[in-house]
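Below you'll find the structures, each written out as structure tokens.
Next come two complexes built around chain A: one with chain B, the other with chain C.
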Partner chain A sequence: MAEKRKPNAADDIQKETERQFLERSGVAALYKDVLEKIIANRPEDPVAFLADYFDSVEENTSLIQRAEQIMKMTHHSRPLFQTNVRMAYDLLKKNKASKKLSGVNGTMFTQLLKALCRDIPSVVMQKLMQKFECHSHEAIPFDVFRSGVFTCCVLQDYVKLSEQLFGSLDLQKTGKANKALCDAVLEQLNTALGSNRNDTKRILESGYNLGVDGLYMALDTAMGRSHKNSSLQTCDQFLVEMCETFLSKVSVIK
Partner chain B sequence: MSERPINCTIKQPVLLTITDTKSEFHSGCRVLDISLSNVVNPERKEENVDQVGEIQFKNYYVAYLTVKAKFKSGPDTKEGENKWRTCVKRMRLMPNAHAETGSQDYFCVSRKHMAFELVNISALRLILQQPSPVWKDFKIEELRFFKCSETSKPCLLPSWLTEVTNNSGKKKIEAEDGNNFHVAPKEDDGILGISNLELLSATLQQLWALSEEVAANQTNVVLGRYEVDNCYDINLLSYT
Partner chain C sequence: MSMSFSGEDRFSMTAERYLGKHNVLVYLEDSIAQLLEHREENPKLNPIKFLSEYFDSLRDGNHTMFREYAFIKVTPHNRASFIRLFWKCFRQIGRKGDLLSIQEYHSLVTLLCPDFPYSTVQKTARIILLDDALDCLISFSDFIFAFQIQFYFEEFLDKCYEIYQSLLQTAHSPRNPVVVPSGAEETRIHQNSHNPSDGVDAMQYFRAIYPLCDRSTFSTPPADGLKEILFNVPRVSFYGFLMALAKSESINESIGRLPAKAELLDGSDSELTSPIIRMKGGKLRLEHPVNHNGPAVNQTGAQSASPSSAAGGENKHTGKGSLSQRSRRKKESSDESSDESDDDDTSSDTN
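The block that comes next holds the complex of A and B.
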């Protein structure tokens, strides 16, 4: 932030008014900005939002961190997310004027995606990065940027939900669930995702299959088929398999 | 609510007459015999295979209907015991035998009209009566028999789904009794229930939605690479 404090600033403090002080130290602009952002984003946890914001404002934060913070300001399901993505893109684009060239290149894009995916299992992240593999010299258009960032944000939710799903499949809470059950659930999801988005009948069928009745039938048959000593699956294995389903929907950038 | 029709053989109705060929005596009574097929459905052995739940037909100038049933002779039935029993007695189809009302209506004789359940029967006999001489002919059409609709018997959830509450209860009791909480559950090992199928379903649907959302948001914009798959293959390059 723009701080032009003179060495003998303490003497001036007495003379200047409060407003002048705020403006000189840049606090006014900072607060204006954060208030604008918090009102626009309406976060569920405003205090955490403020903390994140001020973290990113620190001078030693990298562009990537700041872009990540902007991205995390609002949930990806909200319309404002698109605006934030644009903001982050512009931020990355503008400040890359170290040489003659400016703009978002492959390195920054990859770094940002990795930062966004910090919480997800590394195996899944590797697979995701294969989809978004790009060279450091390549310029990333906004559409590619948006698509990649959006995928990462959704994937985080997806992983969380999958963990939750595993929790309800892990009946004895031992950290391992019956593989037959897991496979049945996965298969249901795969069939649903396999349906063409224009084929209404298939979509309806898939919807039913994922409903309580359909799921019950599928699980019942799965349990019927599996033996008592069937193999078990850990949460990580399950997550990887679930994410593979997800990643099959992500297209490779060209 | 799947009503299943029953296979059966419906014989031609017989007009009851007094055995005198000269005088054309109109008795106003016809008998219709139905023999139910003896094919046993192997899937549903435990159920009453030949339970007739409903009789549907279209009336044609029949005033009264009586249904008699003949039971199958089981191993423990005595001789002469399996005779005809009246299940529906003189059910009125036409309020007034001389008038048109109800003469060509559709009827459905269900369990509530019957005196007993039509279980394990080998044959049915319908007695049609039309006391009024106004009508030239009387019969019933489109006669069909149906098994009981399954709505009365809700499908039971299998044990592994419902047992979880029982199990936790059992466990708690065990824990209170003699702290053998960690003793492995005896035979239900591995077939314990899913606690919350609705949550499971909701989660899965959300996952589905997320995946579809991402699929819809994939970009078509290309980075403008010149590489074509395998174009830098060493074999190809060596030719040029």
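The block that comes next holds the complex of A and C.
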């Protein structure tokens, strides 16, 4: 892209028109933009990143899809995520609700969150949306937008981790795990999260209870008790219960 | 948060290194070149739509059809995608149990890539066949797995050959006595130690080629796959080693584009019949279904044990180097087609 112009070459006119074409059609600007974004975000699979990027700039994609693509450019633990969220918000702000009004409204916000949470069980998603108490007509300020998006991204990772956890609880790999074991894990998590923020000693205890040793002890006792009444639980049930715990820590915004 | 990011250090490398590692600039430049080329044919082309389609097919690995050899060879992703394309287009040959000569396989390859050199395909034949039997017919599954190893790891194999030759020379120089490993094979190996075809010490060979692994300049098989092959035999010949690479399920999985050998010819009939070759407007067109299912990962214990036993078998053949062994090896190549195809009668018809 950055090759020098060669004057007095025989095909000068041809070269010039190609360059002009690339600039006129916006391709040159797009390449500059995508290259900057790749270098900044360092995606694990740049080829997939490129495909997503060009899918999102195609004319018929909605603002929501484009915002979603921006949000997914980097993991939410990376510092650049904050910048990307801002970028997505600014993009959505261009939406015009009516001739005079423009900005991010509840409908768009809900759509975006739903798009981000595609892999999360729908029951959980509904409950999460209830927490946001977001009406379709109301304007969404940036801080609400940011915390909503961030919650969804964290929840997504939380669901993935819960699935992995279920995988290790499912000892026979039958797709169903011993309910007693699942309950033990949940209980351990709930007690840990129940601790007061100011109580340092309890926080340390919680950390221990969720560690390998603490979890092992809890699972061991649960295993001992469960021999008589061992009912089974599917992954979905387990996920919903795990997410209940997560949702209990999500505070209502307004 | 323990979300695993195996390539965590991609954030600490320089931008140039990161872009180079993933061949980002190769694809950006190629996409522009393709865009300009297509614009000459069709001035009304929508550039954004074109680019969107370009990168979608790049991601899905459907981007190597009818491209020039220089492009197909340039990245590991392109090479692997081309091997998969070949499999998708021509697996009905394997299904029928047809055996083809290496020239015929080259013709098939050039249907997909007109300037694909004969040498790579010929080298593939040398993995499967002995030097004096290069005109033998080869089954589809033998060909495609050997072709995959030869094309995907070309630079690695060249290095391996150099190392093998230098080990052979060292072994035969009078200053370095031949190392005789202990064990049941001892007598046989000792008797044959002056025969060049008898190979090199497998462990010594492993130590010599191991430093090649995980170089960024070219693709190499995973070290575990090499261990699987070389830790289980006392001695190995170069082509025995290549044959074992081609038979290794774990190496095939690491490339990740072809199914395991047992499922190579599986697939619904509609899938198998849909790759139609037809002439349209004087231009050859191939239609094939877009298969979004990844290669089936189904490895049984018996299969994973096979590469090592295969290497052992190879070693014995080449160790003796007698005529009967050679003809056995020729036969082995044609036998395999009937082994894995369920219709034995068709393959014996072609013999």
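Here is the rule we use: the second predicted complex is superposed on the first by the 232 of 254 C-alpha atoms of A that agree within 3 Å, B and C clash if a C-alpha of one lies under 4 Å from a C-alpha of the other, contacts with A are read in each partner's own complex, and residues count from 1 in each chain.
Following the convention adopted for this analysis, a contact is a pair of C-beta atoms (placed from the backbone, for glycine too) under 8 Å apart; a residue touches a chain by one contact, two chains touch by 3 or more.
The shown structure was predicted, so the numbers you read here are calculated from the model rather than taken from an experiment.
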Ask   = Should A:Q156 be classified as contacting the first partner (chain B), the second (chain C), both, or neither?
value = neither
Task = Identify the partner contact of A:V250: answer first if only chain B is touched, second if only chain C is, both if each is, neither if none is.
result = first
Ask   = Can A:L165 be said to touch chain B (first), chain C (second), both, or neither?
value = first
Message = Applying the document's definition of touching, compare chain B and chain C: which contacts more of chain A?
response = B
Task = Kindly classify A:S102 by the partners it touches after superposition: chain B alone (first), chain C alone (second), both, or neither?
result = neither
Request  = Using the superposition on chain A described above, determine whether A:T234 touches chain B (first), chain C (second), both, or neither.
outcome  = neither
Task = Would you check which partner chain A:L35 touches, where first means chain B only, second means chain C only, and both and neither mean what they say?
result = second
Query = Who does A:H75 touch here: chain B (first), chain C (second), both, or neither?
reply = second
Note = chain B and chain C footprints on chain A meet at residues 157, 161
Ask   = Any idea which chain C residues touch chain A in the complex?
value = 1-3, 5, 7, 10-11, 15, 18-19, 22, 24, 27-29, 32, 35-36, 39, 47-49, 51-52, 54-56, 58-59, 77
Of chain A, residues touching chain B in the complex = 134, 138-141, 143-144, 146-147, 150-151, 154-155, 157-158, 161-162, 164-165, 168-169, 171-172, 178, 181, 185, 188-189, 192-193, 197, 206-207, 210-212, 215-216, 219-220, 223, 228-230, 242, 245-246, 249-251, 253-254
Key: Residue ranges of chain B touching chain A (in the complex, touch as defined)   = 157-158, 160-161, 164, 189-201, 203-208, 210-223, 225
Inquiry  = Give the list of chain A residues in touch with chain C in this complex.
reply    = 1, 18, 21-22, 25-27, 30-31, 34-35, 38-39, 42, 44-48, 50-51, 53-55, 57-59, 75, 77-78, 157, 160-161
